[in-house]
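The following blocks contain the structures, represented as structure tokens.
What follows is a pair of complexes built around chain A, which joins chain B in one and chain C in the other.
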Partner chain A sequence: MRVARYLLQRLAFVLPQLLGIVLVSFLLLKSIPGDPAVLMLGPTATPDAIAGLRAQMGLDKPLTSQFVLYVGHLLHGDLGTSWQTTRPVLDDLLQRFPATLELVTFSLILAIAVGLSLGTLSALRPHGWVARAVDLYGLAAGALPDFWFALVLIFVFYSAAHWAPAPLGRLDISVIAPATITGFLTIDTLLAGDLEAFRSAVAHLVLPVLTLGLINAGPIMKMTQSTMQKMLAADASRYEALCGIPERLVVRHALRNALPPIITIISVLYGYLIGGAVLVEIVFSWGGAGQYAVQGVLNSDIYPVLGFVLFSAVFSLVVYIIVDLVYVLLDPRLTH
Partner chain B sequence: MRPARVSAPAANDPASGALLRVEGLDVVFPTASGGARQALNGVDLFVMPGEILGLVGESGAGKTTLARSILGAPPAPGRIAGGRVLFEGEDILRLREGRLRRLRGHRLSMVVPNPRGELNPTLTVGEQIALMARVHLGLDARAARGRALDMLRAVHIPDPERRMNAYPHELSGGMAQRAVIAIALICDPAFVISDDATSGLDVTVQAQVLGLLRQLAAEHRSAMLLITRDVGIAAHYCDRVAVLYEGEILETAPRDALFLRPAHPYTLLLLAAFSHNPELRRGWSAAWSTAAEPATACRYAGRCPLAQPLCRTETPPLAELAPGHAVRCHFPVRH
Partner chain C sequence: MGLNGRWRFFARSLAVRPRFAVGYGLVALAVLLGLFAPLIAPYSPIEANSRAFLQPPGPAHWFGTDSVGMDIFSRAIYAPRIDLTIAVLGTLLSACVGTTLGALVGFYSAGRGPRAWLCNSVMRAADVLQAFPVFVFAIALVAVLGQSIQTVVLAIAFVNMPIYLRLMRSQVQGIRSMRYVEAAQVAGVADHVILRRHIVPNAIAPVLAQLSVNVGWGILLTAALSFVGAGVRAPTPEWGSMIASGFQNVATGQWWPSLFPGLSLAVTVFGFSLVGASIEAFSDPVRRQDLAAAMERRAARSAGRQLVKAGI
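The block that comes next holds the complex of A and B.
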């Protein structure tokens, strides 16, 4: 009951939050110099033709009415049209957003596995060799650019060892993509029962997931290490040890109590990576949403960018609501 | 230089047959300046089966350090520098980690102060009590839960079925204290340490909890080390009493002997501080105003109203005045 009321309260804030986000990004994008009409018609266009196209696109209207028009279309599910792809932005994003989401989700799963286990191990033996290796790793993960690391992986595992497929998209060219159901190729290929396509999708995921996962394990690992050190030194853990509770149980209980800040970091990373994965997407020609948005920014194609911002914002808000619910499940003190 | 300890002849050793025997226990804490502070200095004590030994001392005397060191876990960053803790014939300080873990909470358990800070906030009280029975007695989940419920009844927690599913923050201080007692006693330990366990409770609840602890210890035939700052508690609940001052045992005696014939000036003034006699209380505060001096041979000499030059140069041994009554003083008060 409490949870339901809490959810309603949160959802009531979602619409104003989204409107604010759209307004700010709209104004920011409009303030970027560059005229889509000029870019669309090319260097030989006459001023008359440009003015005509501007009028046709509504670019001659004042900013406020342009915004009202855009929001009005949004309410009808129309996110505008990209002049580069000449397709509705919604269709483009529905195809590309899942590509990014699949990449980011698997990367985050890897980052969580690596970060939680290394962070916990180093908290258990703060002066051991694992802790020292973890410090070094944390430093490297924070300092190395992900696109550079991606290129190293491609060099080693594709160019030299030939273990990985060419970094050209999500499937081998010879493989026919399955019907889109979830947009996650790993799931859609299985739903279609096409094991060969599934293998191809997994093979293409390996290197970008390794790149993003290993780099982004850094902050999760650091947070786990510091929170676990605090929890293991806390009265509750000390008392359990004095009661003769086995160490693995003491650690499990401490990890559970250490989870809230770790989950916060994970949720922030999840939202951040949707756009933050763009350089890795470019390196692997992933065709994801981040790449789409960057193309939009570079070519004064604002609707793809606004659409991307909207998708990311909704995604982040959903993640944060889920995280809040998880907090309540983890800590009985919050429900009262 | 530690003084030679009195070693009574084996034939009439009062500690023969003791359940727990602490011998010459030294615990040191590193200091910020790179030195070391001696938190416990050659502590000797013993507890007979079924006996309640009171340990009184002011804050900082080393009571908690002693309690935790008996369990082989001195508070960090303290380190056990010497001595033995013999329990049921084994030296706890030299046990392997696994064997020590199986003793703790099972044969040798501890009732902690501030239970709401020490219980795990995300496990229910029932889960935490039952966990002890699962870990140490090998009971399955159902049996452990049943036994935990029995323990909650035994410690007189109202509405025990409901409290099983309560989280620590949902309990009052007195109830949390009872839950911790249930954890300490569920495995029928031979020895229980109560570390100032009731100091956070108001006086009536404190009396209830201590009475319960004594009654349950008797039912389970557990011996107990009852650590307290309150001389009155020692007088009410203990068979024998030891007085700890700056990491040293100054006096140990059967309860009545200690309260009727305190031999160490410190004990005398400690009793006076809790006295209802205003004359005696004034005597205590007068002695207190003497500023503490740097370490002297007798650690109490700097504050002692009866100190002589000898007290500053030669450390007094813990010497027996009467059977079972020992005092660490060159000039014990005679009655």
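The block that comes next holds the complex of A and C.
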């Protein structure tokens, strides 16, 4: 009951925030020069045809009524149409968002694995060489441009060693995609029993996941290191060690207590990566949602960008709410 | 500590923490290259020698040439001019606006009057701005304002401003409840004088540490914008657009057009991160004590070694 009330309170804050995000993106994107009607009809269009299309799209109405119209459409699930793909934005995003989500989810799993383990190791021996190497790795990971690191990995593992497949999307050209159930190729190929497609999907995921995972492990690693150091120096851990409890159990208990700020960082990173994976998507021709939005901006196609901003904002808000619920489960003090 | 003492502390801390020295050295190198590029570069950065395209690194072209025949070493040396200028200007602009606004919001956000409501609205607006995917927002800004160096600076400033806003606000909120601020208020000192003389100098330390790291991020964002074609236009040498023009060549095995600009970029941003870490260490009293203790240990060790050499 308390949990349900907490959820309702959070949702009450969420709606005005969402409206604010949509309003700001709408105003910003409407300011981008470029007439969509002209762009859709091409250079040979007659002025009458352009005027007709503008009236049909509602472009000749004042901004406020355009915005009200847009919100009205949103409530019916209509995110507009992209003039580049000539398809409804909702369909385009539903096709592309799972690609980004799959990439970001696996990268985050790698980042969590690397960050938690290295952070814990460096917290155990604060002045050892592991801690110093981990510090340098954190600084280096924050300094590397992800699109450049992706190119380096492509060169080493594809051009030179010929281990990885060509960076041309999520599957080999010769492999047929399975029926879309979740949108995650790894899951869908397994559900369809198509092992060759599964292997191809995994092979194509290796390099982009390595790029995003290794670079974004930095913040998780640093937060783990600092919170674990505090936990291991706390009275509770020292008392456990004095009682003769083996080190790995002491570490496990300290890790459990150190989780809240680490989970915060992970949730922020998850939301950030949905938009932050754009450059890696471009390098690997991934066909993801971020790439779609960037092409929209560069071509004055505003509905894809609005749709993407909305999707990623909603996604971040959902992640934050789930994380808050996880906190309530983890930390019994919060329910009182 | 007087000014002399501060410089000596700084110099000795570089000896104790070599990574700080590396950071300052790298930043100094980048600044020097930006200033003296015309004197160091062997070729002009925009001169294309179409007969010598895609040459691997060699004695004539240390970093090789790209697909139109421009010398990559010269271009990589000229690039800091653009990248550093954009990043520093953007960061300074966002810091000035963000810290001013953050100090005001932090100072006046107490209570329930219209001023507190205004402060609350500013923070909610910052929430909305920060909910945007950073890169898409930056590209959209550049698209709205037109593609030029000035607009890239503005985009970087806009994207980073909420960081300084929040940082300064939380710092000021912590300091405004201190006794000396209360004493100044009781003595009748004007609000803006209190802010300028008492609050801001004590709140500024994390902002300074963030500045250096932010310049690094600004360089990365500029490179990313130029990589997708929304930043600095060709043929101006810029690390991101150089990586983009070498993009197709990587798959065919010519790694040098993309590798060297990216390496220079990463090394420069790394230097700025180290400088930011050093500023953080200098401004935190606990870590300053750790540094002082390390310096004393080092002095004791060298004194001990001299005694051993003297045969005692």
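Everything that follows uses one rule, which is that the second predicted complex is superposed on the first by the 322 of 336 C-alpha atoms of A that agree within 3 Å, B and C clash if a C-alpha of one lies under 4 Å from a C-alpha of the other, contacts with A are read in each partner's own complex, and residues count from 1 in each chain.
Convention: contacts are C-beta pairs under 8 Å (C-beta built on N, C-alpha and C of every residue); 3 or more make two chains touch, one makes a residue touch a chain.
None of the values given here were measured: they were computed from a predicted structure.
Participant: Looking only at contacts as defined up top, I'd like to know whether chain B or chain C touches more of chain A.
Facilitator: Higher number of touched chain A residues: C.
Participant: May I ask you to decide whether A:Gln95 touches chain B, chain C, both, or neither, giving the answer as first, second, both or neither?
Facilitator: After superposing on A, A:Gln95 lies clear of both chain B and chain C.
Participant: Let me test your reading of the model: by the given contact rule, A:Leu330 touches which partner, first (chain B), second (chain C), both or neither?
Facilitator: Touch partner of A:Leu330: chain B, not chain C.
Participant: After lining up the shared chain so the two structures overlap, which partner does A:Pro246 touch, if you call chain B first and chain C second: first, second, both or neither?
Facilitator: first
Participant: By the touch definition at the top of the document, which applies to A:Thr186: first (chain B), second (chain C), both, or neither?
Facilitator: neither
Participant: Which holds for A:Arg256: it touches chain B only (first), chain C only (second), both, or neither?
Facilitator: The first partner, chain B, only.
Participant: For A:Asp235, using the defined touch cut-off, is the partner it touches chain B, chain C, both, or neither? Pick first, second, both or neither.
Facilitator: After superposing on A, A:Asp235 lies in contact with chain B but is clear of chain C.
Participant: What part of chain A is shared between its chain B contacts and its chain C contacts?
Facilitator: none
Participant: In their complex, what parts of chain A are in touch with chain B?
Facilitator: Counting only chain A, the residues touching chain B are 233, 235-236, 238-247, 249, 253, 256-257, 330-333, 336.
Participant: Once bound in the complex, which stretches of chain A touch chain C?
Facilitator: Interface residues on chain A, with respect to chain C: 17, 20-21, 24-25, 28-29, 31-33, 136, 139-140, 142-145, 147-149, 151-152, 154-155, 158-160, 166-167, 272, 274-276, 278-279, 282-283, 290, 293-294, 297-298, 300, 305, 308-309, 312-313, 316.
Participant: Using the touch definition up top, name the residues of chain C that touch chain A in the complex.
Facilitator: 19, 124-125, 127-129, 131-137, 139-141, 143-144, 146, 216, 220, 223-224, 227-230, 240, 243, 246-247, 250-253, 255, 258-259, 261-262, 265-267, 269-270, 272-274, 277
Participant: For the complex, which residues does chain B have touching chain A?
Facilitator: Residues 68, 71, 73, 76, 101-106, 109-110, 112, 114, 117-123, 131-132, 135-136, 167, 169-170, 183.
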